[in-house]
Amino acid sequence: MTIDLDALYIDLHRHPELSFQETRTAGVITRELDALGLEFEEGVGRTGVVTVIRNGSGPVVWLRADTDGLPVEEQTGLAYASTARGVDPAGTDVPVMHACGHDMHVTALLGALEKLQATREEWSGTVVAVFQPAEEYGAGAQAMIADGVLDRYPRPDIVLGQHLTPLPAGTIGVRPGTQMAASDGLTVRLLGRGGHGSRPHSTIDPVVMAAATVMRLQTVVSREIDPREMAVVTVGSIHAGLKNNIIPAEAKLELSLRYPDDDARADVLARVERIVRAEAAASGAEEEPVITTDHTLPPTINDPAATAKLTAAFDRAFGDGTVVDPGMFTGSEDVSWFAREAGVPLVYWFWGGVDPQQYADAVAAGTVARDIPTNHSPFFAPILHPTIERGVDALTVAAREFLA
Amino acid sequence: MTIDLDALYIDLHRHPELSFQETRTAGVITRELDALGLEFEEGVGRTGVVTVIRNGSGPVVWLRADTDGLPVEEQTGLAYASTARGVDPAGTDVPVMHACGHDMHVTALLGALEKLQATREEWSGTVVAVFQPAEEYGAGAQAMIADGVLDRYPRPDIVLGQHLTPLPAGTIGVRPGTQMAASDGLTVRLLGRGGHGSRPHSTIDPVVMAAATVMRLQTVVSREIDPREMAVVTVGSIHAGLKNNIIPAEAKLELSLRYPDDDARADVLARVERIVRAEAAASGAEEEPVITTDHTLPPTINDPAATAKLTAAFDRAFGDGTVVDPGMFTGSEDVSWFAREAGVPLVYWFWGGVDPQQYADAVAAGTVARDIPTNHSPFFAPILHPTIERGVDALTVAAREFLA
Amino acid sequence: MTIDLDALYIDLHRHPELSFQETRTAGVITRELDALGLEFEEGVGRTGVVTVIRNGSGPVVWLRADTDGLPVEEQTGLAYASTARGVDPAGTDVPVMHACGHDMHVTALLGALEKLQATREEWSGTVVAVFQPAEEYGAGAQAMIADGVLDRYPRPDIVLGQHLTPLPAGTIGVRPGTQMAASDGLTVRLLGRGGHGSRPHSTIDPVVMAAATVMRLQTVVSREIDPREMAVVTVGSIHAGLKNNIIPAEAKLELSLRYPDDDARADVLARVERIVRAEAAASGAEEEPVITTDHTLPPTINDPAATAKLTAAFDRAFGDGTVVDPGMFTGSEDVSWFAREAGVPLVYWFWGGVDPQQYADAVAAGTVARDIPTNHSPFFAPILHPTIERGVDALTVAAREFLA
Amino acid sequence: MTIDLDALYIDLHRHPELSFQETRTAGVITRELDALGLEFEEGVGRTGVVTVIRNGSGPVVWLRADTDGLPVEEQTGLAYASTARGVDPAGTDVPVMHACGHDMHVTALLGALEKLQATREEWSGTVVAVFQPAEEYGAGAQAMIADGVLDRYPRPDIVLGQHLTPLPAGTIGVRPGTQMAASDGLTVRLLGRGGHGSRPHSTIDPVVMAAATVMRLQTVVSREIDPREMAVVTVGSIHAGLKNNIIPAEAKLELSLRYPDDDARADVLARVERIVRAEAAASGAEEEPVITTDHTLPPTINDPAATAKLTAAFDRAFGDGTVVDPGMFTGSEDVSWFAREAGVPLVYWFWGGVDPQQYADAVAAGTVARDIPTNHSPFFAPILHPTIERGVDALTVAAREFLA
């Protein structure tokens, strides 16, 4: 290989950057693209990079990798552990770590581009590689789309992507249908009337209004959704009041909602809004609650036909048993925006980065949950081999399967 | 006296009757009225009795005693304890006891009528004695009014009444303003949609709707009423469902509400209705809840001027210190209907029936709550003397105070 | 065939019997077994029937059909609709209907026995046919086991059974793993202290205790169970109090819990008990709540290997596409007790009874939920053909697959 | 008078100071004490001032005035309105106003000292004047006691004080028994376990724990306290969480509790703690909640005998009808600490500062609540006359009543 993927990965790992600040990372990517003789564009969606390999007629396959790190202080003890720091949107100085494996995503995509470039005579069509920023904010894909990425480059016939996960290295996890949940973040302002803590009857107490709302919201999942379906209604934050003896005028709730698909989204959102408005009415609120949507992440839905085709290709390439069904994840991703906006299929799979022996021992001891660090953990530390090779090959095999 | 009041009281105590079944009691009353040479009418408001003493020009004073017993099994161990039984409105055979002292009320009123009759030359005006049934159902006064009691007899210039209470015998308790609370009994039907217990999402669960409503109703008293005001919102019964694995179609709540006056009634009723309707809406109910009023008892409000006048009269008649302020009772009475319908003042007082030494000992020992049986207790057992005398005299003094 | 299956089904349908009262049904079954020359035993588990076909060495296959009807008033309008009535355990006279298809279960098993008897030369081993009563009470299987059914007859190597369902006639639905949920029915007595509705402070209000408990129980499903797992916590009934102005001394809740497996059962039961006890403590209850288990239904878990084997056999016998994955049902069954107690595999499948054209039309119109009556509906009316044939053949094919 | 009370009041009103920052105010006070020839001590309890008039043998009477202003922006439009600013304990620059009338309290006490000094020959005994800081924080009285005020000066035989209130100027409001409520401020930390918003089952959700606790706390007042008694349980602030998709590890509640006396305090505190602990248990919390008391204000209980004596003295001095029963206030005061610590009687009364004609008009129009600004309002603006005179005279009459 032209690119030294081990060195590349270690360099990226040492130098993680927060969302929409991935400028050094973009520089590393473009340096390697340059070395591969590929043209590219920087600054797509603020800090994204796009490159295109045009190779005759045939389908257009998009390969996507996300590039940002997280405000986590690395505790892996690795020789190449991050000591980087950054400034978050609130202006706070924070440690930064590639705790979600996006450094491996970038490494694998660059490796795959080299392989595809080296085998141009074996396939025809167009490969678009999308290095997307700010996945951790759920904002990067939409930023690239707003910046015209779907119009300025060949539109995809399929969008492919992959995510590192705590499965044994070598293993690939993918399922048809919903692979990751949809999610909305809502802010709810409940408007009461403030007053002295000793005179509740002169107020409309927003603390009680908020408490009753939180309790009632539990019934969406417990009573209103088919018990066999996945749905989550989390109130992640609740804030009202300054001191004990003043009843405040309002309360603020922040909700995170999760669902398997768009129908469930519409359904759950309607139920949440119904409850919020009714609980304000139960308090005799004089003003309607204010509900705003802070972000919307679509479900990550794998096209069944394309997933079946790809699974078969992985089995052929890597041997039977390589591909497992990892189940649906209740976490969310923004990769889907590319496929949804373009109206084309998506396949998004997971690949393992854990030492297989360590994994097998943990399974035998029943200590997987304790001993195998997951994404976002300060101990998240994929082994380099065969993780890098499998990531490169999975992307290459997948791209080739959908090119001519 | 013509009437043997001790024997009369013991006879009544031995033979209590349930509400609207006071026929033997009416027979006893009319036998004594006959003996006093007074004309009377039976069957007023089903089982009530009314007699009138006309004695020249002057004010019309109504004296009211209620006549019914309670479905309580007497455990006083008295020689003249009740062993009576009756059939309640549900058709159940139940024990019956004068556990609220209405036997003493009747005895005192008959004694007072004899005294007033014997002293006709000392006063002028009209005395109407009302032996009212079914106070325990909160229905007897309204039944008599519906039967025309206010039109068929001289309309009152004032309504007077008294109730036995566990104060020391000899003591009278009365206060101006609200003496006993107003009360409403409501039935609330919460309408959901039934279904199988394993499929809550196909239902609108009325059990959860009812539970949320009960919890929210707590906030009327805890947050919406001035902490210095008396208000009670009790859900005395809740019923829904037949078995564990069927979600029923509706739930029924029965509420008892208490307030000091009519303004508070309107206010609390509006708050309760607001919450019930909003909680149904929070459940997504397809039908509005059905709220019905089962009974309404007005506040027992003592006219301040008349109460002051009467308190002074009691002090003169019985000595300073006889009259105490017993505080407001959260229990309710239907005597007020007579005064409210007629638009005239009411004074309703309490008089004690407990052995004074026993009471003093209990106070000293701090065991009043434990040792002194209250109204409706199976151990409620007033001493005969001076309870009877004080009851007779209090009514006589009071009537004379407001007659010419 | 010796047996006229159409006439048999219609006769059973006309004469449904309530659980543990299936004596006429047992008579019909034994008459047909007699006609087939099979020996049998009646009264196993009160009203069950067992017969055995011994046919040389080989595996022992149990075939189970349940026999009871439901207290539902038939509204199908069929010529052979039930007009039967019965007396339920509470002593109430109720209508009775085969609204769950157990008449078809019995018909198919008798037909299968005739086929197996007629083809004895083609297989060897032992068939035990179990006509189980009282499935609707979740009590019949355990009654038969308590009566020694596993000891008095050849112990199974596998247990097989089938249930009629609103799929198109001809279709078979089965899945490996959990096919139907486990379930427990609990009664919870919450002990407070009663008193007058106007004096809540002298009581420990069990209505509020119950309401708070119901609201808190919602959080088991909404917060404590993996959103991807099935769990149901239904409070199907809540009862406390006699009238609005008396605060009762206790409240009774009846809960129906559902889970996919035994681990989830233990987990959910522990969480429910934790909440019930803590909410009683929050009320300051002086006595612990009393929690009793009314019934326990295990999960209906299909052995994966046996299910795969059987699915292949159905495909061969009936053509590809006959077998569909119907998903897990949140309803429950007691058939598993036989396999669990014996420690052997179970396969339990569903077969369709709906006119295929009607079903296709409803699917096209999006009106399946409205137009296709489900089990327990008063309109549940399977078509006779090919429902009977497919039921007979499915049992026969299945039995033969596991016999030698 | 030596002191120009109008000018003094206006000067104080123009220059309010926040709690424990009353240094300019202390300077004004000591300047006037100096002018009266009285010795004094500054810095008692940080910013308090104490002076003593020793005048032969006889009772020791303490007269107390509080001195601090509030962080309120004055909107009275008065020529002498405050434009002062201060820095609050959080370091924030805030407007400051004498919105509670403490400027009038100081003025009246200085005027009374002059009068008492001028009439030394008419009385004997000792007057101790206490200018207390930081009443608004509920901390000044305890700070002075901690600084030895009860030991370094003649111990009181009685403690007297007065508060300006929106009654008509000239009127005095006082009642025997509880005049102002007791109060505690509590902080409750509810400890759960944090995690990702999409994985509630891996957490112990403190937001739900807090909401359930708030709802349950409502039942203390609604169910557990005699409806005729005053009690308030306010949750004035609730805080948990940073963003919608992270379930936080803990929640914080701040409670303000109010009661009429110490028995009720102990009772309500025990109930609140019981509920907080049980709701944490209902959530399966692994750590006990942490409950801390931020401040404790005793009930302001007027000694009945002393209050009767004082009421009679006021009637004699100012004419019948001057003294009204203002009812109990649910607000709280720290003046009681002096009397409680010393074990002597307290009388604390209110005096009016509203233009009587304006007040009468508002009563007639039913607009008192809207038109008469209350304490802590930015529009609170007592008229100078006869407010100052009545304040001076009330203190003087009261002191004389309890001196020899």
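Chains here go by letter, A, B, C and D, matching the order in which they are written, and residues are numbered from 1 within each.
The working rule: a residue touches a chain if its C-beta (ideal position, glycine included) is under 8 Å from a C-beta of that chain, and two chains touch if they have at least 3 such contacts.
According to UniProt, the chain labels map to these proteins: A, B, C, D = Hippurate hydrolase.
If you're wondering where the values come from, they're calculated on a predicted model, not measured in any experiment.
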Any chance you could check whether A-B or B-D wins on number of contacting C-beta pairs?
A-B
By mean C-alpha coordinates, which chain is most distant from chain C?
D
How far is the middle of chain B from the middle of chain D, if each middle is the mean of its Cα atoms, in Å?
43
Report, in whole Å, the distance between the mean C-alpha point of chain A and the mean C-alpha point of chain D.
55
Calculate how many whole Å lie between the centre of chain A and the centre of chain B, each centre taken as the average of the chain's C-alpha atoms.
69
Which residues does chain A have that touch at least 2 chains other than itself?
198-200, 205, 208, 212, 215, 218-219, 222-223, 227, 232, 258, 330
Using the touch definition up top, name the residues of chain A that touch chain B in the complex.
198-201, 203, 205, 208, 212, 215-216, 219, 222-227, 271, 274-275, 277-279, 281-284
Chain C contacts chain A in the complex at 215, 217-223, 227-228, 230-233, 258, 327-328, 330
Given the complex, residues on chain A that touch chain D span 181, 183, 185-187, 196-200, 205, 207-208, 210-215, 218, 232, 234-248, 251, 254-256, 258, 294, 330-332, 376
